[in-house]
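Heads up, the next two complexes both have chain A, just with different partners, chain B and then chain C.
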Partner chain A sequence: MEKRVRFDSKLLPYLLIAPQIAITLVFFFWPAGQALWQSMQVQDAFGERTTFVWFDNFITLFNDDAYLESFKVTAIFSTAVSVLGLSLSLFLAVKADKVIKGTSIYRTILIAPYAVAPAIVGVLWTFLMSPSLGLVTHWLSLVGVHWDHILDSKQALGLIIVAAVWKQISYNFIFFLAGLQSIPKSLIEASSIDGASPMRRFWDIIFPLLSPTTFFLFVVNMVYAFFDTFAIVDASTKGGPGRATEILVYKVYNEGFKGLDLGGSAAQSVVLMLIVIGLTVVQFRYVERKVQY
Partner chain B sequence: MKIKLLVAACAALGFSTASLAQTEIQWWHAMTGALNDRVNDFAKDFNASQTTYKVVPVFKGTYPETLAAAIAASRAGNAPHIVQVQEVATATMIAAKKAVMPVHELMKASGEPFDQKAYISAVTGYFADAKGNLVSFPFNSSTTVFYYNKDAFKKAGIDPNAVPATWPEVMAAAAKLKANGEKCAFSSGWQSWTQLESFSAWHNVPFASKNNGFGGTDTRLLFNSPLHVRHISNMADWMKKGYFTYGGRTNEAESKFFSGECMMLTSSSAAYANIKRNAKFEWGVGPLPYYRDVAGAPQNTIIGGASLFVMTGRPAPDYKGVAKFFTFLSAPERVAGWHQATGYLPITTAAYEVTKKSGFYEKNPGTDVSVKQMIEKNATPTSRGLRLGNFVQIRAIIDEELEGVWGGKQDAKTALDKAVKRGNEQLEKFQAANK
Partner chain C sequence: MIENRPFSTFLAHLVLCIGVVIVALPLYVTFVASTLSAEQVLQSPISLIPGDQLLNNYKTVLFSGAGNQSAQVGRMMVNSLIMALVIAVGKIVISMLSAFAIVYFRFPGRTLAFWLIFITLMLPVEVRILPTYQVISDLKLLDSYFGLTVPLIASATATFLFRQFFLTMPDELVEAAKIDGAGPLRFFKDVLFPLSKTNIAALFVILFIYGWNQYLWPLLITTQESLYTVVIGIKRMISGGDAATEWNLVMATAMLALLPPVLVVIFMQKWFVKGLVDSEK
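Moving on to the complex of A and B:
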């Protein structure tokens, strides 16, 4: 016997999803539309004089070496954060999965950094690696590394990568651990009986079975590196030295809020919006389809 | 007893109705720490001095945050009466003809006495329109000065009472300090302001065309002249020799000085309060160093800090209160008190005289250096200040390119040429947006 509630009214379903649609319109489509509209205007800070310039802001943007450089920095930064973050947390998850005594203590400690606010993470690592009084700087000097991220652009990029990875490891760790625990023990046991070494078991059974989780995390980490690392940059390097750590979101802030160039900054947000849309499409097309638990 | 209570209740009642009838005046500012306390004191004293208006100071974060908040509020039709705006954003504010009420008009319309001539010319110059009328109310202006560690000088065998006046003298001292084992001989705060902007005025060379931008928005940058290149390549050289240490884009170098890490410093005169509080050694203040072979140098230095802008869009009667508050703030003893406590300039000549008479400068040697730097010569069209649109971005560009020099990636000429080119793009943008 089929049990299904039937709505005869044609209006009711729409009414039920209306709040969600309203929220989406007000908080997503309206601001996005405004950004799109503003990205085609040149306007003074107070909005007293507005000129509609079509795609001039975008043309200026892509002719600007600084912007292209920022793309490069963002690409290096987000790839480094994702790859390093994923490999480290996978390593930790595999190790934590094997721990028998004190499991919850290990796990809690590994999850803790996720509770730290990004701005605090930035400040924390700036202090640890401060050229004149940092603890890590001191250790580095013992092994002969001169650390000065205020002047050295590679080290500055290194600093924000380390800070961003450190913060994100916990998140990845939880997902990897859950993924590991959902792998049927029988598969692993069977391969052990067949004489597969631990390394072999990992690469041929565990890693492929984790791949949906890994891919999902990769996309999430990319989005994180692109958009959620603003506070880390702001609290540590502020985009410097030069433009060495000026990632795309930081540039939007710099030009919109500090420089008060609303048109140019809106154009940059639109480009960022396109990137997010792209990442989301990738996630839906590949992750959602290929997930097989 | 009962009567006393009744009187007290009546008084409280009277007081509360009075405060209800008061007109509130919103004052958004960016002053932290001890400076924030002083700002609150100004408001408290003004509120106690009369009953019609109540000034409410609101801390809104850093200068850029305060400005962004004020702009957002203004666009939403809910602007504060008074907002404190950093010197670099002056051109942006002056261009906003509808959102900003010029101070000289406000004072005239409210019938408050206001004598622009009372202010130091380098201060008036920075905040005045093309006709020389003040658009904003000068509040906290500082300038660039030189600090040095007298104890370190003594240890290195340098006469601690002979302040190095020129850049070659500074570097001669740096060489001796370095030879004596000091790791950081010299550092500088606000590199764009001290080493290029103020440097230009001090040597009376233009920073930008059209009288540094006062002549119109079609101004273009000129700080890649041979003199500028010479100075920046000298600094790069000093960095290589280990005399100069880079601290950061804003005031990071100040803490390097008062913590005893760096022995000489060029930075804001407003660093005075912090150095005085924190330095555990004997130190001295001198004028900003210069190059003796440049004709006309030293001229005068450029101010930094912020001024108070009046925003439009509030009920007309409120503005009478704003004008009254400005008159209150202009009193020589108040300006003098602010100057003495903070190291900001006494922006009126009267405040300078009051401070001088009180014997403050004898008791606190070096505090008059900044003032003398500003008033000894009348400002010239090239030294009165800067009026550049998108100046915030231009400063960031200068910081970026200079960091390239300090990091050894490019030479001074390349850096300044690039900064001028990129900065000019910003000026063109501003010109287009403010036609």
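Moving on to the complex of A and C:
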């Protein structure tokens, strides 16, 4: 889309756009370029000499069992967070769309977790599920579940999934509710007159009409689980026990800052960038398709 | 309402109540824990009735610090506020200006500039964290408010939001302004800015929360306690392990850290929902 009428000025537009371009170049392109460059280099043990090795770092990376394991953990984690988060919030949104009284009270409480910092979400759930003094741990022990995420790697993964889903419910809920409210009531009335049961109406009319929202949210949730959950992991399990909850973003940080393996960490950054670019392209192709409807 | 089914309405309320209880539980337990004494908080199961140490705990963390560090949470909150405000206002200003340039002018390099900004959408901080850190340290910006805020100010999202919005503005506005002899800056100040107010408010809510809740970036950039934000402060408080952690004080700090953004969301709910839905279009 273009404007038909414009202002004429040689210098002004450059001045207006300069701050953003300057920050973008210095803090985005320079670092990203360095990451690309470093991902093809190997530094010796003393950091004095660097050798250009083409794609060796990437080959090493994909032959590294720990890295592949981290890929697997990330895949399980992000799928669980997306599927659980989406189904819970869709369920709540459908109910909230149904009731007339009290919607604003429910909505106000349900959107609160959005504002809580991921790091604090991690701390809160660590406290609730702490093996020695957690409230949820206590309730679980009443039904015979022994919870100790410090030792049990499956439970550690469970902890970060619960924390990540809890935070994301707000976001999904808002979008589902907006999507539900934009479905024309006449469609539902018509099917109701035709004798369709509420279940039938949901699966045959509401759910298909919501599918653009669902798909969009799925991509957003994947991105969220991949990248924004760093703070949740760092504030709760720190990737442990062992490497059980070391998702990809956490591994980049761990190896870059603690292990100081520049080449390896840069190669991991590049892989992550490719994943983000892939997800963004998927999202935009979908946006284009929606426009054509 | 399509049909009146009292039972199904009742069921919907029941489900929502359960959902609300589950969502609110962590926040409520945090509040209760922040009002207990150090001994009470270590009892399992923790009581669900608030204790009487509320004022004491909050006074302790706000003015004298807690745990294995002496930094005051009051100071940290000021840092968080500075960070959130600079990021929110800075992002709005620079993205509004660049969107204005991209939409209302034609100049060589316009498409290139557009793509340069667009591509940054694809690179979250977490992905390029180590090289960005190196750049900041090369520029000697570690441990400064500048290093803490400015690198996070550039974002494509806000620029896009303003671009989309400006594109929906009728062309007649520009024509009228031109006939009346107003230059581009005058047009921006007297026409575009007043018309953008609701968008600015909506974006402000989202960006304030974004800035306040930053974690990885301040964790790397700040080494001095005087620059810690409150989110970082909490992290440092619990690093001593379960036994050494004064959970009642940690939870009081957590309450202080989560209240400002939660209140912003609740009281500016209308803007918040608008901002969220718009920025993802």
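The rule we apply is simple: the second predicted complex is superposed on the first by the 255 of 293 C-alpha atoms of A that agree within 3 Å, B and C clash if a C-alpha of one lies under 4 Å from a C-alpha of the other, contacts with A are read in each partner's own complex, and residues count from 1 in each chain.
Rule of thumb we're sticking to: contacts are C-beta pairs under 8 Å (C-beta built on N, C-alpha and C of every residue); 3 or more make two chains touch, one makes a residue touch a chain.
In this text, all values refer to a predicted model and were calculated from it rather than measured experimentally.
Q: Taking the superposition as given, does A:Ala32 touch the first partner, chain B, the second, chain C, both, or neither?
A: In the superposition, A:Ala32 contacts chain C only.
Q: Looking at A:Phe230 after the superposition, I want to know if it touches chain B, chain C, both of them or none. Which is it: first, second, both, neither?
A: A:Phe230 contacts chain C only, not chain B.
Q: If we overlay the two complexes on their shared chain A, which of chain B and chain C does A:Val145 touch? Say first, second, both or neither.
A: Neither partner.
Q: Quick check on the superposed pair: does A:Leu68 touch chain B, chain C, both, or neither? Answer first, second, both or neither.
A: Once the two structures are laid over each other on A, A:Leu68 reaches no partner at all.
Q: Now for A:Ala112: first (chain B), second (chain C), both, or neither, which partner does it touch?
A: second
Q: Of the partners chain B and chain C, which touch A:Val42 in the superposed model: first, second, both, neither?
A: first
Q: Answer with first, second, both or neither: which of chain B and chain C does A:Ile277 touch in the superposed model?
A: second
Q: So in the superposed three-chain picture, is A:Pro241 touching just chain B, just chain C, both, or none of them (first/second/both/neither)?
A: first
Q: Once the two complexes are aligned on chain A, which partner has more residues of chain A within touching range, chain B or chain C?
A: Higher number of touched chain A residues: C.
Q: Check the residue A:Ile59 against both partner chains and state whether it touches chain B (first), chain C (second), both, or neither.
A: After superposition on chain A, A:Ile59 lies in contact with neither partner.
Q: Once the two structures are superposed, pull the chain A residues common to the chain B and chain C interfaces.
A: In chain A, residues 132, 257 are touched by chain B and also by chain C.
Q: So in the complex, which bits of chain A are touching chain C?
A: Listed in rising order, the residues of chain A that touch chain C are 1, 3-10, 12-14, 16-17, 19-21, 23-32, 34-35, 38, 88, 91-92, 95-96, 98-100, 102, 106-121, 123-128, 130, 132-135, 137-139, 166, 169, 171, 174-175, 178, 185, 188-189, 192, 198, 216, 220, 223, 227-228, 230-231, 234-235, 249, 252-253, 256-257, 262, 265-266, 269, 272-273, 276-277, 280.
Q: Please output the residues of chain A touching chain B within their complex, sorted ascending.
A: 42-49, 51, 60, 66, 132, 150-153, 238, 240-243, 254-255, 257-261, 263-264
Q: Where on chain C does chain A make contact in their complex?
A: 1-3, 8-9, 11-13, 15-16, 19-20, 23-27, 29-30, 33, 41-46, 94-95, 97-98, 100-107, 110, 113, 116-117, 119-124, 126-132, 134-135, 139, 150-151, 153-154, 159, 167, 171, 174-175, 178, 183-185, 187, 209, 212-213, 215-216, 220, 231-232, 234-235, 238, 242, 247, 250-251, 254, 257-258, 261-262, 264-266, 269, 272-273, 276-277, 280
Q: Show me the residue ranges of chain B that touch chain A in the complex, using the header's touch definition.
A: Spelled out, the residues of chain B in touch with chain A are 64-65, 67-68, 71, 74-75, 89, 92, 95-99, 246-249, 256, 261, 390, 392-393, 396, 399-401, 403-404, 406-407, 409, 422, 429, 432-435.
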